[in-house]
Structure formats: structure tokens, C-alpha cells
Amino acid sequence: MQKKKIGVIGATGYTGSEIVRILSQHPGVEIALITSESRAGEKFSDVHPFFQGIVDDLLYTADKVDDTELDLVFLALPHGVSMDYVKRFAGRDFRIVDFSGDFRLKNPKVYEQWYSKKHIFPEGFRDAVYGLPELYADKIRDAKLVANPGCFPTGAILSIAPLVRAGAIKTEGIIIDSKTGVTGAGIKASAVNMFSNVNDNFKAYGIKTHRHTIEIQNILDDVDGSLAPVQFTPHLLPVDRGILTTVYARPAEEAGWLDVASGSKATGSTEAATAAKVVASMDSGKKRLEDMYRDFYDDKPFVRICEKPPTLKDVRASNYCNIFVDYDDRTGNVIVISAIDNLVKGAAGLAVQNMNVMFGFDETTGLGHVPVNP
Amino acid sequence: MQKKKIGVIGATGYTGSEIVRILSQHPGVEIALITSESRAGEKFSDVHPFFQGIVDDLLYTADKVDDTELDLVFLALPHGVSMDYVKRFAGRDFRIVDFSGDFRLKNPKVYEQWYSKKHIFPEGFRDAVYGLPELYADKIRDAKLVANPGCFPTGAILSIAPLVRAGAIKTEGIIIDSKTGVTGAGIKASAVNMFSNVNDNFKAYGIKTHRHTIEIQNILDDVDGSLAPVQFTPHLLPVDRGILTTVYARPAEEAGWLDVASGSKATGSTEAATAAKVVASMDSGKKRLEDMYRDFYDDKPFVRICEKPPTLKDVRASNYCNIFVDYDDRTGNVIVISAIDNLVKGAAGLAVQNMNVMFGFDETTGLGHVPVNP
Amino acid sequence: MQKKKIGVIGATGYTGSEIVRILSQHPGVEIALITSESRAGEKFSDVHPFFQGIVDDLLYTADKVDDTELDLVFLALPHGVSMDYVKRFAGRDFRIVDFSGDFRLKNPKVYEQWYSKKHIFPEGFRDAVYGLPELYADKIRDAKLVANPGCFPTGAILSIAPLVRAGAIKTEGIIIDSKTGVTGAGIKASAVNMFSNVNDNFKAYGIKTHRHTIEIQNILDDVDGSLAPVQFTPHLLPVDRGILTTVYARPAEEAGWLDVASGSKATGSTEAATAAKVVASMDSGKKRLEDMYRDFYDDKPFVRICEKPPTLKDVRASNYCNIFVDYDDRTGNVIVISAIDNLVKGAAGLAVQNMNVMFGFDETTGLGHVPVNP
Amino acid sequence: MQKKKIGVIGATGYTGSEIVRILSQHPGVEIALITSESRAGEKFSDVHPFFQGIVDDLLYTADKVDDTELDLVFLALPHGVSMDYVKRFAGRDFRIVDFSGDFRLKNPKVYEQWYSKKHIFPEGFRDAVYGLPELYADKIRDAKLVANPGCFPTGAILSIAPLVRAGAIKTEGIIIDSKTGVTGAGIKASAVNMFSNVNDNFKAYGIKTHRHTIEIQNILDDVDGSLAPVQFTPHLLPVDRGILTTVYARPAEEAGWLDVASGSKATGSTEAATAAKVVASMDSGKKRLEDMYRDFYDDKPFVRICEKPPTLKDVRASNYCNIFVDYDDRTGNVIVISAIDNLVKGAAGLAVQNMNVMFGFDETTGLGHVPVNP
């Protein structure tokens, strides 16, 4: 079979190098073009020396797209810049996977509100599909433009979607407390990602205002439709890669999964039922939740339901999302914890997974990397 | 003035070395005895080489207490061991600051439930005072036995107490998401604190069951009296020192602080009030909360109310607790974030602060360490 | 082609999990048996949860080797234990790659001197081949027993061998200053590899006495034959993986490469030659050395000669060895710096490279991992 | 006694904040002025939030020096900038401790050669004293201008000076392999000090060309007078603070300390002497070196001769320099390893030590910080 021809627009950042790392080991594609406006004329391995002898391709400016045969283009560009290219490539045959936030939200109006920026290509929203194959594989298959999810939303949505879909939790009071590695902040040096500000340190940031809040909200709304505003708080970890997300939610009383778990519906007596529920739920609340998640992700190769809380290294440099669910009988809270590698499942790996779906490849092609641990 | 004579029982761990570090620079005391059952006969600086030339005292077994004149003894021992020594020293004149969890809880029954261990000295609870001077300075002043708080409870209680005291939040639904450095796990080598398991990694642990949960619950109950079970989830950071705690709570409707903030009480119209509240609270919810905290900690030298979210290095190697408070108008949540050094404000520094109160020293004596950053 | 059947003896350590990680993605082999004496009966992914859903094979005791068809066995065991298994498997058909130090040295006598241990299978030395394909591919091809090199020796020997082979440096005064990640110390928790002892810290260890000293010495002696004792000093880095080695040596006067570089031989005048040498060598000393290394490693796919000093992340999780060479005209020293991943090129990757040579596979089969950076 | 009035010129960097940290806890001084050209008008604690409530002084521009009474000024400025201020303050009464490299070298010519910059105040060299009290306390006492040593030179010179002074090593072939924490690169964000480039990573840099090479050379020349060019190679550690330096040198044959150590002079027989030397030196070479160092640093409060190789955390956040010396009988090399905190003993602490000498304070005043470990 002829290999698909791939272009990577914007290859100097972490996402750019990570997509090239994965594509260079993918059996179904060839990298036909890598671009960088700032480093055009140099070799890719001059910018990222660890590719020496592996990917020494010359970098071109994006103009080179015009005379290159391409089946699919990855836009590894910042938000606000990507939309220019999506617009510019609108008439071209190749398909696009866009890493930026420019086409992920419900509509241009919400975008402008949260990104404080005029959207120059609102038409793009019509065709754009949110690139989370665990939820939207059918739409992705035929999409011309896939909006690759944000790193936090990937972890958060995969953590919460089964509960929302099942109506298992109250629509109010969802707390999403996320902790991310530094590469999420990009490759540009600043006080935020300086070693001495990050090492042996930890902090919250973007409280109340982080743009991924609305992305999580929009997609969960799409899954269910009536979610109250979720609380999302990101924190910065002294690690390179990985996002661990801890979610707190309350069971929907009408959902009955706790009752089913405890068998209280059969008891007939409220008081006895309550007591039974307490005992049983300690045994089976977690079990019921795990079943719910296993069903939801039954045929999804990259989601692993874990018996113990996951660690970042359990998924590092791989496309897995590890999920742990539990029910705290004492407090009445559902707790969900997920771990992903923000550069892989939260960016480049997910993008290749989308590409695989789009090309009709097996979803795992070229993504069989075992996590690197330690 | 004659210096107070101090004993440190159990000096080989992190807390032991940290209490010696602080005491060795404290102008009002002299270290009269340092003990270690396992390393007796060696020099303190053999166990902790960084003390070479500073504290080269010989280590004795705890029997040496019997023929040593002492004004106060720090018990830097594990829970379950401390109670033996408290019992043994019950007839002695010197006062005791106990670092363990043996006398922190409401009563022996709660202890036995959460620590799965018979308490051999229940009488100790009668005299024990919870050693958080920001709340209990008056009782600490004359206490014979001070139960030095756990590291997580210190951060969590200082974060929440002003809200609970003021009745500003609902008693239900408090979420405490904490992240700690590795030294909290003690000095004994295990898979938990191995470099390759911690470095570039992150995870939650002790979900639903961590013993500090009930300590936080007991003390906040004591502040207010009617708190629903709090959710406490600790996480393990790849840092040596520090605990960052993120608290989520919901405003008590009857408390009125949001209304006061927005001036809605004066408007007379519910709808207008609501609209006004929204706008005003964005401006002033955070401001009102900060005022509430500044009032509560007005004369407390080690609590700093911060305009920006604190980082662990803002307090590292110091006795400060930095607190940030905010109100999210979109979700209706109060968010509180605090940072402490778990070995100082969460252990040895707090113990010296207690000692200062007990001896009538200025609370800050010997605790003027500027945070070490970076 | 039928896949080769592989056994991994001792799979609970870092080397064991790393060899399984690489083998599980290798197209020419199947893992037929994984053993662990301490965890037999459990799943491999119980011991290493990041393999969940990837390698869930049951662990057996090594007895299982007796009724398993195997083409090659990796012994991922400590020194002193490996020799028992090599002896025990002496009559079997399968080939062996041994990770330990038991068969790497010149003879059993040297072993006993440096390892302070009686060797129970001295006969093994007769057949054992030192598994560094860059030097010994021809012998490895037909070897029954391959002694996989130590992590430090791999980096050090690859750094120095071209100079020794060419007679380009003096045989006296070679200094090897190495810095390693923590995984080199193994998976057993101890004070040595505790996070708080390693993080934000650095130290030298094993000064004058590290066992890898004699391994480096023996192999370089084999390359050249007359080397004076080399100085080897390892240091412990706060990183998981990687060894960076800095070598200092002095040019052999008779070697003439500096002269050739400067063209001084043609000048006829010593003084002029010296001046010319100074100027020219600044330009070309480094260049000549690079050429020497490029020639030596011409057809070696995993050695990369780099223009800039390598970093550990340039090779992380890959089988590359990056080498930088330079000549300091001011001091007259040759400086060589190399970087490897101690678990890959310094252990499991190198072992698979040996296996590829032994089976006649392309040397790079299953080893095409792009370094994971950052 | 009236407190001395101190000015800190350039307080936004790491050295600036560290000098303020130490001065704010020093009993003999008051901080009379802190300046920053870029942040003038803000509070010091706005720039360094961990000082909130401790040092909230306003920042001024350096012009403020003109109308401020000052006894001593610290210039925490980059090289090339400092000289402007030294020139400008030449007529003022206050004394100056300059952190930059502008007045450390032998003369302006050497400066211009290594710093590639014209020196605008060569007259300054006449009065400047190299601020290493362990070597130059007598000159520092009365100095108007003290050139505070570079961080690498401090560790390297303290490591080597006793050997050079005693003529114990050959003047040729000294190798200085240093490893530094990231703060040595300053507070300005760049690719060099980005977390993801430093964390879990390691590299050499400035090979052959680092400016501290000539500073080490100049001062050691001043101690002895005939040193051949030393080799200095810095490496970048993933730690905040600390420099570990490993030095390799060869014993001077005529020095006789090895013979004295072995008592061979008394044997009369060369062969027996050699054998005796080998045996005895294993026992006593290290011992003799330690004595040599203990004598040299007999009355120096901040140098600690250690029996085991030091770690960075043994000195972190303190003014100590820990030194380990050894002799390798097998190779004939002397090995010296030293550890300092680059921001304290390698910068701000050393500067305060100089200030103490200049003011006739006890050398340790305000510098009694116990290392912070872990």
C-alpha cells in the first residue's frame, strides 16, 4: 500500500517534534514536508539534535505546501495562528488535524469570549470535528478538519464522560483539579518554565480563567446537555510530561447505581436499605463504577481502567489514558483520577490516533509505544 | 536569662534533624539531650553529616532522660511509639511536644478506629492540647502535653478555619485536594520514596482512608461543630518539602458575605440584587474573603495572605503559611490555596512555635528564617 | 519466518522490565517465558503496572526453563547469581546474554579480586564474549554466552576505544569522570536511591574502587594492550536514566595526528611548526579527532558523532551513544564526552543489539526508538 | 553599636535576593538601600514574593546612592556593568564588594582577552582585592574594593590551594571537572535554564572557553607562581543550587609527602621502599592529605574536611565548603572533591563573609545557617 504523505506545519515546538517522533516510526505514512517559519533552511535535527541521523529533513516555510503533494497536514501552531492556515488551506484536498484551540469550541462567539480574540474564519466551525476518537470516532472518520483536543480537556473529558453519559452524577458541583507537567506551557523560555521556578516547586495557576475550562464544559455539554459550570483548576508540576486529573462529583440520586450496587431496591425498607447501602457500597460502589467505565471504554484500545490510582510514569511517552474510579461512602463523593502524557495522548499521539481513524488504519497503528518507566 | 534545656527524643528522622536545625539557631534554648535507640553512641553528625562542626553531640538512648535536667522534650517518634514515652514521662516535670498522631484526635476511640491500634495511654487525651497556636495559643501556653499537628492538617485547617469560624461556607461538600513533598513519608527507604518512583512522576494515594482526614475533621468540628464529612485526597509531588492544599467549598447562603460584598441587601429587588451580586462579586468576592482572612490572622506572624496563588518555594525552609483565597462567580465556589513547608510549619517549626508560646518567648523567636528560594 | 523464542530470567528489576519493553515491540521474537523467583504466580503487569494490557504474562520460577522451548535467554540477574544459572544452563541448546558482571572480565582471578567473591563457574570464561558489537560483532555472532557490558564501561569504552586503537593518546593519565542516573543502582529501595537523598543533590561515590574500573581497563587493554591504570570516578545524578562520561587524555607525541592536522611535518622548522601547530590545531585538532571517530564508527548505526556536547535527553529511551570529541590547544588535552541511556544502550538495548547480531537480524531491528525528549 | 548601613545595587537577580536574605538576618547591619533599574518604584517583595512581610522596602534606581548614607555597597550586577558603577563610586567613602568578574583577574589585559570587552576602569585593578578570605583575609580587611570570586573558582581554588601552596602536586596536568546547579546561569529565562531542557538531563558546556578558567588560573598562579594551564570543564546539573568539583592531579615527586607517609625514607632500599610505599600509601596517603588540608584550613570556620565524599545538600543554603581528599595508589592520582552552595559560599554568603572581615566583625556573624537538608 502506498504510504500517506504527511505535512507538519510548525515543527520547532514540543508538539511538532513529538508528532515527528511518532510519525517517523509509523509504518503507514511518510513525512513529506516539515515547516518552520523561523528556522526554515535548517535541518529538523539542527533544531532538535536528538533526531540526528533519524530525521535530518530540511525545514521549509509553509509556502512549500503549495507545491507538495499531501494527504494530511498537522498544524502544530499556537491558537490565533492556526486559523489563518485553516482558512488558507480551505480549498486544498488534504485533510487537516489542528492542534490549536481555534476550532474546538461550540462556536466562534464562545471562542472570542474566552480567547479575547476575533475569529477570522468562523466558517471553519461548520466542518470542524472535535478529535476525541473515544467519543467522536464516527465523525472523525470523514472529517476534513479535526480540532485536536487540548491536553487538560483530554484527561478531564475521558474521566467524566462515562458518568455524564450514564446520568450517574449530579450536573452541579463537578470539581476538576488538574496537575500538569511543564511542557504544556510550550517551548518558549519564560519565567513560567524556568527550571529554578519549577523545580522542587508547585503552584496553581489560571484559577477561574483557564481556557480549557470552556472546552471541557462545551464537550461535556455535548455529551449530556445540561451541565452546570464545572470548576477547573490547573497546577504546575515539576515534571516534563503528564497530566494527572482528580475529579470530584456527587452521585445523582435518581440514577440508582448506588442502590443497584447495594441491592437496596429489593429490601423494601428505607432504613434497612440505607444501612445495607452503606455496607454494600463500600464493597460495591467502586466496583459498579469500574464496570460503568469498562463498558464505556470496552473497545477503546488506549483507555485502561486501573485498580490502583495511576501515576504519570504509568503512561509516559505512550498514548494510554489510565483511569481510576472510586466512591467514598463516608462523604458521598465519586472520585475519578486519570493520567495521560500531555504530549502524546494530550497532543501528538491523539493526533495520530485521529489520523489513523481518518485513513481507516487500525486505531493503534504506530502507537504501540510501551510507556517509558522509569 | 538562663537558657531552657531541651531534649529531642528520636533524632534520626527528618523531623528530628529539622528540630535540631532550628533549635541550634534558637537564642533561648540549649539542646541538652538528643536520643536515638538505633544510633546511640554515635555522633548526631555521623547520622546527619551536614551538621559536622555544628552539632556533634553524642546520641544517647532515651533512658538518659532519667538523669538529665530538662525543661521540655520533643518526641520525634512514630505514632504508636510516642504514647509509650508520654506515659513513661507522665510523672516528670518537663513539658512535652509530641510530633506523632497519638494525642491529636478527639478521643482514644476515634484514634483506635482510624489508627487500627489500641491506645495504651488514654489518660493522655485529658491534658493534651492541639498545637496550632493560630487557634489554640491560650491553651498551649499552659499545656503539659502538646500534640503537634500533622502536616496536612496544618495546611488544611489554616486554609479553612476562617471560613468555618465565620459560618461563611456550607458545612457540606468541602473538598481538600493536597499535594505533598516526599519527606512527609519519612526517612525510611521504601518503594514509596524511591527516586525513580517519584521523580518526573505524580500520583494520588491514601484515597478515602488517610488518617489526617479525621484530624482535619475533628479540629474543624471543634471550630464550628457541625461539619459534614470532608473529602481529603493527598497526592505525592516530586519535591522534597512542601504541601500545597487546594480547597473547594460553597458559600453559605445565609452568611450574607457575598451580599454584603455586592451591596444587594440594600437593593430590595431580588433580581436586581442577583445581577448586582454577579457583577460586584467578581470585583469584591475575593476582596471580602481576603478581608475575612486578614482579620482572622491579624496578629498571627506566620500566616501571610497573598494576592497571587502561593508556590511551595515561597515558604520553603521557613515557618510561613501562605494563603490565597478567591471566589469564582461562574461556578459559585470558594477556592482557598495554601502553601507550607511540611518539615517546618508542618512539623518542627510549628513545634518550636508551640515551645515559644509555652515558655512565654516571642512567638517568632528563632523562627525568623527567610524562605530559601530558589 | 518463525519468531525466535525468548526467555527473560529475573524480570522484576529495571533491566528486566526494560528488556521486556523492547522485546514486546520487536518484530522478530516472541517472549516465551518471563521468570521471577519472588513474584512467580503474579502477572508481569502486577509487578510493573505500566504494562497493563500490553504484557500480562504470568511470571514463573526459573525451573520453568526446563520445559520451555527457547532460542535465547536473557539473564537479568545480579552478579554472583548469574553464574549459577549460566552453569545450570550449560548443557542447554539456547544461547545466553548475561547482564551481570560475572563473565565480563579477563579471567576468574581478576573477577575474584574485584568482586570479592569466589567464581563457581570459571569454565564459562572460555566461551564468554564481551557483548559490545561496536568492537566484537564477529565474535558475538557465534557466541553461546554473551557477557553484556556494564553501563559505565559501555559509555567509557565507546568514548576511548578509537583513540586507543589509533595510538592517538598516551597510555598514561587517562581520566574518566562519569555521571549516572539513579536507575543504575537497581530497583531495591535504599538510602542510596531515596528521593530526598538524590533530588536536588549530587555526589561522587565508589572512588578508586568501583568494579567497572577493571572492566574498562580489561577491555581497553584488549583493544591496545599496554594501558596504564585508568582513573574512573562515578557520580550520582538526580535523573532516572543516562550516563554522561567526560574523558581527559593527552595526545601521544609519536602519533602525529596533531602534526598532520597542522601540516607541521612539512615545515621543517620546529619553532615554526610549533606556532603553526598552535594555530592549526585550534582549527583542526577537533576536526581530526572527529574524523578519527567517524572512521572508527563508520558502519555502526547507534554511535552518533556530534558537533556539540551531547545531553542525556538526546539519547533517552533510545539505543544511541552520542559522542563529542575536542582538543584543547591551551592545555594540550583531548576531551571526549559521551551520553547513553544506561537502561538501553547501557543494558537492555545493547542486549537486544547483541541478540540481533546473534540471530543474524539487522542490527537495528526493534531498536528504532527515537529518543524521548523532553 | 550602631549598625552598618548597606546598599544593594541590582537586587532583582538571584544573587541580589540572596544577599538580601542573608543581610536581613544579620545582626550587625541594616539594609539602607536596595536598587533596581528595571523595577524601581516597586517593592522588593513584589519582585521576590517570598519576602512578603519580611523585606517590603521600595526599590530605587542607583541614583539614590547619591543621597544615601552608606558604609558598604554590594554590586550584584553583570560583568561589564559593574565597572561603570565602580568608576562612578570611586570618589565615595563607602566600600564596595563587587560580585562581577570585572576586577577579579590579574590585569585589564587578561580581562579583555577572556571577556572580549574593553575595560573602562583599569585603575580599579590597583585597589581591588580578590575576596577569598581563606587566602586573602589580611588584604580584604582594609580593601576599598573587593572583587567577590566567581562561583566555580571559589570551589576550585579552595580545593586546590593547599596542594599548590605545599608544592605537593605537579604543576602540570591539573583537571577540574565541575558540576553546577542552574542558578549559576542567572535569573533571565532562556533555553539554557528552561525546565524541560535541564530536568532529568545533564551536559557539559563552555568547554575550553569558560571565563572562570582564567580566574582559577590567575589565583592559583598567585598562590604558587608557575602553574601550567589547568583544564576546567563545567557541567549543568538539574539542581537549583550547588557546585561539586572533582579535581585530579599528580603528586610532585620531589614533594616527598607520599614517602613521608610511607616512611620509605627510613628504609634505605628503593625496592622495599616502593613496596612499603604502596602498602603504606593505601593506608596513609589519604591521611597525609587530610592533615595537609586540616592544617591549611585550621582556623577557617567555613571549610570542613570530610571523611566521605560530600554531597550538595550537605552545604545547601549555607556558607560551608566541604572538601574530601584522597590518593589513589593504583593510578597515582590525587583526587579532591568539594561542594559549595553557589549562591551562598559561591556568591552572597562569601560576600557577607568579606563584609564581616572588612568591618572587623567575627567572620561567621550572620552566617550561622545550618544547611537545609533535605
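We just call them A, B, C and D in the order they show up, numbering each chain from 1.
Here is the rule we go by: contacts are C-beta pairs under 8 Å (C-beta built on N, C-alpha and C of every residue); 3 or more make two chains touch, one makes a residue touch a chain.
All of these numbers come straight from a predicted model, not from anything done at the bench.
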item	value
Graph distance between subunit A and subunit C, where chains that touch are linked	1
Between C-D and A-D, the pair with more C-beta contacts	C-D
Rigid-body rotation angle, subunit B and subunit A, from Cα fit (steps of 5°)	180
Far-end chain from subunit C, centres as C-alpha averages	B
Length of the line joining the C-alpha centres of subunit C and subunit D, rounded to whole Å	37
Rounded Å distance, subunit A centre to subunit D centre (Cα mean)	48
In subunit B, residues with contacts to at least two other chains	14, 183, 196-197, 199-200, 238-241, 313, 316, 374
Subunit A contact footprint on subunit C (complex, rising order)	14, 17, 21, 24-25, 48-54, 183, 199-200, 240-241, 304, 306, 308, 313-318, 322, 368-374
Parts of subunit C lying in touch with subunit B, wherever the complex brings them together	14, 182-183, 187, 189-191, 193-200, 238-240
Subunit A partner contacts - residues on subunit B that touch it in the complex	173, 175, 177, 179, 196-197, 199-205, 207-208, 228-231, 233, 235, 237-242, 244, 246, 248, 250, 309-313, 316, 324, 326, 328-333, 335, 337, 339, 374
